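Shown next, in structure tokens, is the structure this report addresses.
Per-chain residue numbering starts at 1, and chain names A, B, C and D are given in the order in which the chains are listed.
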Amino acid sequence: MGSIELLILFLVGTGLISYLLTKWNTFLGSVFTIFSVMFVFVSLAAYGFNLNLDETVNYLPGISFTQTYLGFYFAIIIVFVYLMVSFFHPYYLNEYKYKDSYNLLFLLSLAGILGAFFTDSFLNLFFFFELIIWTTMFLIPQGKSREAAVSYFGFSVAGSVAMLLGIFIIFQNNGNSFDIATGLAALSGTNAIFVFVLFLIAAFAKLGSFPLHIWLPIAHGNAPHPFSPVLSGALVKLGAFIAVLALIRIVPATGMFTAMDLPIGQYVVALLGSASIIFGTLMAIKEDDAKKLLAYSSMSHGGYIIVAFSVMNGLAFAGGFYHILAHALASAGAFMAIAAVARVTGTTKMKELGGMIHKMPITYLAYLIAIISMAGIPPMGGFISKWLIFQAVINKGMVFVGIAVFFGSVGSFLYVFRPLAALFLGQEFTEYKGVKEAPIMMLIPTFIIMGLNVYTGVFPAGILQYINNIIGELGYTGITVSTYAINGSNGILNPALISLVFAIGVAIAFVIFILLKKSRKVDLMDTYTAANFVHDEHLLHYSVDFYAPLERLYEKQSNWMTKFYTALAEKVKELGRLAKYLFMSKNMATTVFWIIAILLFVLGGEIL
Amino acid sequence: MTNSINNLELVKELVSKTTTILKEENIDVQQLAFEVNTCDIHHVLSVLKSAGWKQLSYLSAVDWPDENKFEVVYILFNWDKPVYVQIRTKIDRENPSIDSILPIFPGAKYYEREAHEFFGIAFPGNPDYEKQLILEGWDDIPPLRKDFDPSAYSDRKFPSREYPQDYSVTDEKNHSLEKRAERKARAERLRTGGKKQ
Amino acid sequence: MLSTKFTPKNKMTKAEIDRKWWEVGDYFRRNSLWLLMYCTGCCAVELPPSMTSAYDMERLGMGPMATPRQADILLVSGYLSLKTLRRLIYTYEQMSEPKYVVALGSCPINGGIYHDSHAVINQLDQYIPVDVYVAGCMPNPESVLNGFVDLMEGIKQKTMNGWKRYHDHFEWYKENQKNSLGEVIVHDEFHQ
Amino acid sequence: MTIVNFLIGVGIALFGFVLQTSIGGINRKIVGRMQKRHGPRWYQEFIDIFKLLSKRAVSHGWIFDFGVIMALGGIIGTAMFMPLTNQILAFSNNGVNYDNFFIFVYLLAVGMLGMAMSASGSGNPWASIGVMRALTTMLAYEVPFLIVVLTIINLTNQSSLTGIMEYQQMAGNNWFIIAMPLGGIVGFISLMGMLGKKPFETYIAPAEIASGPMVEYGGKQLGMLFILHEISVFIEVSLFVHLFLGGATNIFEFLIKYFAVYTFANLISNVNGRFKIDQVVTFFYKWPLLMAVTQAVIVIYFGWVI
């Protein structure tokens, strides 16, 4: 079934079936969900790579589809993350209150995603966006908190409204047509600037970038454990999609920085992306909840994507697109590992956990590989994308962006290490003595993602060639890729060689290790304690306020953004109370008066 | 008024107004000792605390086996008027017990535990005065009582080295002037770096 | 004349090979002795002069180390109270083998001036094996260094086998420890 | 790429180990003389390492061992990419050199990650504190250093070390420590941080946190970490030589420059005290970062290079 529309209809249909099935038996419904997502993934993968999907089937009125490399690239990554996460459902759904609707909403949001990436009209894009927002909004509060959903919805709506306004401007500008390709091409002058800004607001809100990031840790931290990987690995990438539309396809006629050969608008966006990187890194270092920490890391990586798309050359775009893939895999892997831990321990707070490695070694490895990729260290995918972005930034001579990019890269090393040390390593807590490794069905996606993280780091050439198609589609020249090596603007990188050399190094070290005298195995509690007899493993586990000396340096400045938004929320609430007081008074007559007044006002405009 | 002579007068006046002083002792220009009745201890301490002697420097006991008494000593210090005040009281040596001063000086918790450990004095009012603090796994009578014989305890508990007879020095020549002069010369040589003067 | 016939070399047994390697290791071990200074008593003041410019311990390849895992020598400097002895035994057991014990001053030998105290033990080698004693109250830096040189010589002669003795006579040592200390590892309320 | 290239790479790693271990020993002697002592033998460091390898160690579980192997492996791998001179370089193919600068920064990080993992896996809080301090120090020194390197790469349009070396050796070009004096100073200060020399020795701090990450190691694991340390010092000092001192055209030039840089760093280290960890961060983000950015702006936007 290679038709996009049929796939969407299929998802809606299976959603309803899985609703009924889940009502009857949770496990069965969840397995059904896995198979439906798998079907969609396989169809996409079978037909989509060369854009052979069928666009002619047309049952839905007013909705037509077109295929682009760009849309397909996003779609396949996100569907893949959905597929991987759906393996987790059978083990989690029983905890949730409205478990029967969980699978339905999950499949519906996937339908929305397919629609959003393949549609050819702005209005449908907006419609599918709303579908995604509304379905996910009901998924998030299944975790713990309703506030999370409110915060997520608030920022999403702000983004949608901005996008809608932008769409209206394009609609007016393009001779009353919602077509995406012609609409973006026809923009010029002030209209272009307006649409640029409005679309970027939408992109920043979805991506959780610097000024609009507050919802990200709240929603990620409180979402259901299996949904966090989707949020971070897949859904924030919608923002990247809009960012591509805005940053690459609209070039507003602002001035140019000749030193950097970059439009001012793009440079300002790059600076905002840099702020996002630095802010996300600092906040992630401070965070105690593992999921919130990873959420802030998503914010920081969103900053990388924005920086990559605002440096106007093919190298940076390749880095940006590759980073989307690498971060989706890394972040999904990390969140899934945390979810597996949370399933057996019931908490994601780092100060309550420790020594899980002895019980869950495979989950530990999955997390390790994911964070190596996230920190951009060689044998994993994150290194390739960061290297490409560095090349572009250095080549353009963007010093201040460079500070942020390097800071984020080293800082990511700090914050990803913290859950590793606090959750998995360190002393083994007595309260978790009985826990077991995740079941085999949850380990399947873990292994697949581990493998892909390594694959993207060792053999990036094939994927980069595909990305070259996208870049070509956007009107830029791609990068030079040979079988093993990537050519940057000022150097050449051979990831396979690096991995091989690393493997040789490890082999040498292993031989040295094996040849020497065998060591004596001792207990974890038998450590150097300055000769004190310590009998409580909690006293020997250093995880609370891990980076305390560093945190102290920016403690005072850390929550001014939250304060700003809290104040804003208070103001909005006051405004709402005023409106309520004016319009919703108990007196029926007042309400009727206002309704009539507004009707007259609207109709009057029409009549005149 | 930081003159310590005046401060001494002040303390004397304060304490004598508060309670009957059994014995008084001027230890030095900054230290005074009063012996009071056991029942007055809490009163005296609280009066002194409110007068500025806020710091309980030490709490311990002295064993007087001849009188069959323990003397409990509280040492207070005032940071504004630098005078140490010792408040002493004698309690019975059989079943020694004195009420805890925890409500007045919360820091006395560990001093009282120490006093219990070394003298066996009970401090009702201190919830864990019986817990071990310093001596780990002690199995004898409290060690600072005068009737405890540390030497016998040491002989019993810790094996000592037994020297064969020929290890001990019997040769008188070993201490002769000759050897001493030789040692002196060697030290001199070392000091001057081997140079003859 | 070279023979083409295959002649088996007289092979060394595994024990012999091990012994050869051990001798090679001994060379390294005696030239790089790292100290764990358990500054239990007053003899510790003799260590700074023996480490710094005046006597320069580093020329013998010796130096202070931070933790028992890294160190080769457990340096007991001075008297040992009961509380300290517990921790000393714990530390000694944490060290990696081969390990040596050097005791400074007269207190570990026979109790010294604390021979009749209720809190200080009299003879260290009843509890852990001591390889070198340096007598004196306190021993001056020359004798401290002399003690270390003796230790090196002893390692060369394979007489410094304290850690092996501790393995072989483990029950005997434990018995002595138990008699004097009760339990070695105790619970205290501050580390529960 | 043939097997010969890999053998050369392993040879370079071995050479780096021997070189740094000897020079480290000689430096201990120099420091001894400076402090009016006799000092140890020059081969003392070899004795130390082989002694550690001969001892019987303890192990705290598989991650404790695996981390050490991964760390040493990562460092050996990094050292294999290091060029010694223009010609002596393991991986080059028809004029294309695979010694990209970022490999050194990030493959080195694998080693650090392995060591941090293993240290935390020992379950000792001192080790975790040491790791925390090491990572914080890394956050401090990397950014100014990378900004200077950004300037260099932007200027030379090369990110391969041999390329940067050759650029400096070309007639008319100065060594970058002369061409970009501010950048050179920043590079040296960052080098001190990388080497963990005083005043940036905070994460070892033997008297304070019991030698930090290394607290639980003894015997072979500690010996392997010593090897790791020697090789990583070799990598870091060589990076400085190649980036700022014009690299080397023959091996003797390399040895002289290497010895000079390491000895200079060591001498500075020996007359300094130790910073607190937050002082390290504020120090690096004050003057070195400012100097690095000034240098970058001068070079990139004004084009003033001596």
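Assume a contact is a pair of C-beta atoms (placed from the backbone, for glycine too) under 8 Å apart; a residue touches a chain by one contact, two chains touch by 3 or more.
Since we're looking at a predicted model, the values are computed, not measured.
Enquirer: For this structure, which two chains have more C-beta pairs in contact than any other pair?
Expert: Ranked by contacting C-beta pairs, first place goes to A-D.
Enquirer: Distance between chain A and chain B based on Cα centroids, please, to the nearest Å.
Expert: Averaging C-alpha atoms per chain gives centres 68 Å apart.
Enquirer: How many angstrom lie between the centres of chain A and chain D, each centre taken as the mean Cα position?
Expert: Chain A and chain D have C-alpha centres separated by 35 Å.
Enquirer: Going through chain A residue by residue, note those that touch at least 2 other chains and give them in order.
Expert: In chain A, 520, 526, 528 touch at least two other chains.
Enquirer: At which residue positions does chain C touch at least two other chains?
Expert: Residues 67-69, 86, 94, 96, 186, 188.
Enquirer: Give me the residues of chain B that touch two or more other chains.
Expert: In chain B, nothing touches at least two other chains.
Enquirer: Assign the assembly's chain-to-chain touch graph to one of these shapes: line, ring, star, complete, other.
Expert: Graph shape here is other: it fits none of the named patterns.
Enquirer: Hey, which chains are touching each other here?
Expert: Pairs of chains that touch one another: A-C, A-D, B-C, C-D.
Enquirer: Which of the residues in chain D end up touching chain C in this complex?
Expert: Going by the criterion above, the answer is residues 28, 32, 35-41, 44, 47-48, 50-51, 54-58, 206-207, 210-211, 214-219, 222.
Enquirer: Provide the residue numbers of chain B that touch chain C in the complex, in ascending order.
Expert: Those residues of chain B that touch chain C are 131-132, 134-137, 139-140, 143, 148, 150-151, 153-154, 157-161.
Enquirer: Residue numbers of chain C touching chain D in their complex, please.
Expert: Touching chain D: residues 24-25, 28-29, 31-32, 52-53, 56, 58-61, 64-72, 94-98 of chain C.
Enquirer: Can you name the residues of chain C that touch chain A in the complex?
Expert: Those in contact with chain A are residues 67-69, 86-88, 90-91, 94, 96, 185-188, 191-192.
Enquirer: Show which residues of chain D lie in contact with chain A when the two form their complex.
Expert: Where chain D meets chain A, its residues are 1, 6, 9-10, 13, 53-63, 65, 68-78, 80-81, 91, 96-98, 100-103, 106-107, 109-110, 113, 116-117, 120-126, 128-129, 131-133, 135-136, 138-139, 142-143, 146-147, 150-151, 153-154, 156-160, 163, 210, 215-216, 219-221, 223-224, 227, 276-278, 281-282, 289, 293, 296-297, 300-301.
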